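When the chains are written out, they are named A, B and C in that same order, and each has its own residue count from 1.
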Amino acid sequence: MMAELIRNRMAASALAFIILMLVFAAFAPAIAPYNPTEIDTKNILTAPSKAHIFGTDTLGRDIFSRIVYGSRISLSIGFIAVGIAVLIGIFFGSVAGYYGGRIDSIMMRFVDIMLCFPTFFLILAVIAVLEPSIFNIMVVIGATGWMGVARLIRAEILTLKEREYVMASKVMGARPAWMIVRHLIPNAIGPVLVSATLGVGGAILVESALSFLGIGVQPPTPSWGNMLMDGKSTLGVAWWHTVFPGLFILFTVLAYNLLGEALRDFLEPRLRR
Amino acid sequence: MMDGTILKVRDLKTHFQTDRGVVKAVDGVDFDVRTGETFGIVGESGSGKTLTALSILKLVAPPGRIVSGSVVFKSEDLLLLDAERLRKIRGSKISMVFQEPASAFNPVFTIGYQIIEAVMAHQAVKMSKARDLAMEFLKRARIADPAKAYHDYPHQLSGGAKQRAMIAMALVNSPELLILDEPTTALDVTIQSQILDLLDEIRERERLSTLFISHDFGVIARMCDRVAVMRKGLIVESGDKAQILNDPKEEYTVSLLESVKALA
Amino acid sequence: MLRYIAKRLIGLIPVFLGITLISFFVIHLAPGKPTDIQTSLNPKVSYEARLRLEKLYGLDKPVYVQYADWLKRFATFDFGRSYVDDRPVSQKVAERIPITILINVLSIGLILAIGIPLGVIAAVKRGSLADKSTTVFAFIGFSMPEFWLALLLMSLFGITLGWLPISGIKSLDFEYFSLGGKVLDVAKHLILPVAISAFGGLAGISRYTRTSMIGIIHQDYIRTARAKGLKESDVIYKHALKNAMLPVITILGLSVPGLIGGSVIFESIFAIPGMGRLFYESVMSRDYPTIMGILSIGAILTLIGNLIADIAYSYADPRISLPSAREGASE
């Protein structure tokens, strides 16, 4: 009982934080006190103060404003990458599950093979070949993260096929494909939603890692990841440059993870029905 | 004990805390098991008979809880003992055989290992002696190839063989009281009677006091000296086997007997 | 057992082929030819010279011939020569692999040594403070950007406190240390990287162990163990744990690619001369042969890791390698 209440409060705060970040992203110009790319050579690397609550960076830009604008990058990359992953996953899983047989074996082999590559290596390699751009990053993260959803969808379809063919053989003339889709959506939407929510967190982590390494979002566009790249070069000198952007990454990803887990718990008892 | 009673259960209550309130699975059960006899508890599923057996050795898992009552074994109330004293009794003075042999053994250890564990937990003997004991009792349980069974893993044995192994494991420390919870329910009919024959044999040879739980009146009739009928957590009627079978006093007992006769 | 291993090995062949296909595909995603970097920046290179270079790399042949070539070279670990210093890629990688493997192995060791006990305690003392804090810790571990943690710890331990070195794997005066001193020096350099690398995995394993244990503790055979009169510690740490570890082995196998991929980040941060850092440098300098070589080797390492996990699992779970009874067999 107690545990449930606490868990719900955590989920609620996670949701609240996510909404806050969405607000940041949507209304960045209104919320950010300064222009994120505005250089101010008189205020280089100043500690947090009333004027700049998170301090300034190596070019005098206000870190808080850059964080607010950075939320746009992180969230949009997160959503779109996951969107791509889910679409590819649904397509893959459906085809494999529906057709079964050889097509299924080949496709699932493909999934196994993809899972052999360290995802980060693959992403880095592709970006190295294609040059970093926000669009490329979204596509690559999506193209390397669909495997889980594919397996989910395939499993659902396989279970449904068992049931549907039993029914269909009694109700002559029923088209199994349509019935499968109709039953698939309510059953699969839950786990896919959980996977997607957790996936946003993962995508944000990957994007910030790429930006940190210099092959993600390129300066001067502010991303929490590339701000940490500057944080590295000012280590020991400007703690605020490292602490704040990282904190936002941590909290945002944490929020998505908590939300995802809460969703999963919420769906659990229903699954047992 | 002076009056030849090895187990005295008084007012045993075991309740479950669920979302929908308290379920009084065992709600005030009294019975005695006399030394050397086989005492049966018969009832439908849900009557609380298995839980009664589990309560005796305090093996009830949460959300179940033994709420009150006493279980006096020879002269000690088991429910009041500390963990270590209870541990010494489990498996050596009082042993239990469970219903599902397939899940009662740990799948990652061999049969022989699990039996030896039972020995080493209670007897201060060398490994080789423990091994001999294990083999001895596997033979006594009439397992077809004791040496092979000893080295086999549980999944390599058939259901009947597993149950024999469990019986061997329960007897290896020569207990004074054996509790059998539906020992043949999960087995094929032919195997069932073989196991019952084995239990008969053991009973005669060892003069073991036995508590036999079953939903099958036929099995109870065959194996037991005295019987108690359980329903919804309470004992409805109890007495000598002959009396219960031929002259039942309670309506419920009558209907239970009728259903068995209908099948026969 | 050997038969099982042989079967698994044969099953790996299609996967291996698939790996070669995908890495081949990736390299050909580049618009233009891989040799453009070498040639396009240098106007003095004549058209004939460019053709010769392309012929050298086999880029003038049809795609399927190129793939067959690639396959052949892959099998012999010939990934060509680095654009950066013209040394054979396999040689460069071979120099760097030991360190990366060392760090990852240490990391796995740390994950198991801390993660499993944490998970067991959380399961046994379910609902207690220990359990809840383990869960909190696990969530933070999942959500933590490892490179940020690295920066923070570097700042704290390396700069502010000065306890641990923050770059490389040896100090400058390494050569003058005694053997014991050398070991200690390397150890000091490895503490932060291994700890950071293990952090996320630790969170995962502790949570997974907890879930696994909770499921096992309610099994019938645990009840039998107690009914036999075994000590509670034996019940938990022998009977329950051995079963709970089975899925953990699988999870470990699945986390190998993540560990290898993660090595890019912290090897770069801590300036460790490992395979991950080499990969990063190759990406930055667009050294395609090395990039492809490391990508492929990374996949092969994962394959090996999975195979080891599979074998370990079949060794630990007798139900896999030994056949079950047929009805009426041993009575």
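To be clear about the criterion, contacts are C-beta pairs under 8 Å (C-beta built on N, C-alpha and C of every residue); 3 or more make two chains touch, one makes a residue touch a chain.
Just so we're clear, the structure is a prediction, and the values are computed from it rather than from any experiment.
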Quiz item: Taking touching chains as linked, do they make an open path (line), a single closed cycle (ring), a hub with spokes (star), an all-linked set (complete), or other?
Solution: line
Quiz prompt | Chain pair with the higher count of C-beta pairs in contact (A-C, B-C) | solution = A-C
Quiz prompt | Geometric centre: closest chain by C-alpha means | solution = C
Practice problem: Please compute the C-alpha centroid of subunit A, do the same for subunit B, then give the distance between them in whole Å. | Solution: 55
Quiz item: Once you find the CA centre of subunit B and the CA centre of subunit C, what distance in Å lies between them?
Solution: 50
Quiz item: Between subunit A and subunit C, what is the separation of their C-alpha centroids in Å?
Solution: 22
Exercise. Two or more other chains in contact with one residue: find those residues in subunit B.
Key: none
Exercise. Would you tell me which residues of subunit A are touching subunit C in their complex?
Key: 3, 109-110, 112-122, 124-130, 201, 205, 208-209, 212-215, 228, 231-232, 235-236, 239, 242-243, 246, 249-250, 253-254, 256-258, 261
Self-check item: Of subunit B, residues touching subunit C in the complex
Solution: 57, 59, 61, 83, 87-92, 95-96, 98, 100, 103-109, 117-118, 121-122, 143-145, 148-149, 152-153, 155-158, 160-161, 166, 169, 191
Self-check item: In the complex with subunit B, residue positions of subunit C that touch it
Solution: 218-221, 223-232, 234, 239, 242-243, 246, 316-319, 322-331
Quiz item: Which residues, counting only subunit C, touch subunit A once they are in their complex?
Solution: 14-15, 18-19, 22, 26-27, 29-30, 127, 139-140, 142-148, 151-152, 154-155, 159-160, 254, 257-258, 260-262, 264-265, 268-269, 279-280, 282-284, 286, 288, 291-292, 294-295, 298-299, 302-303, 306
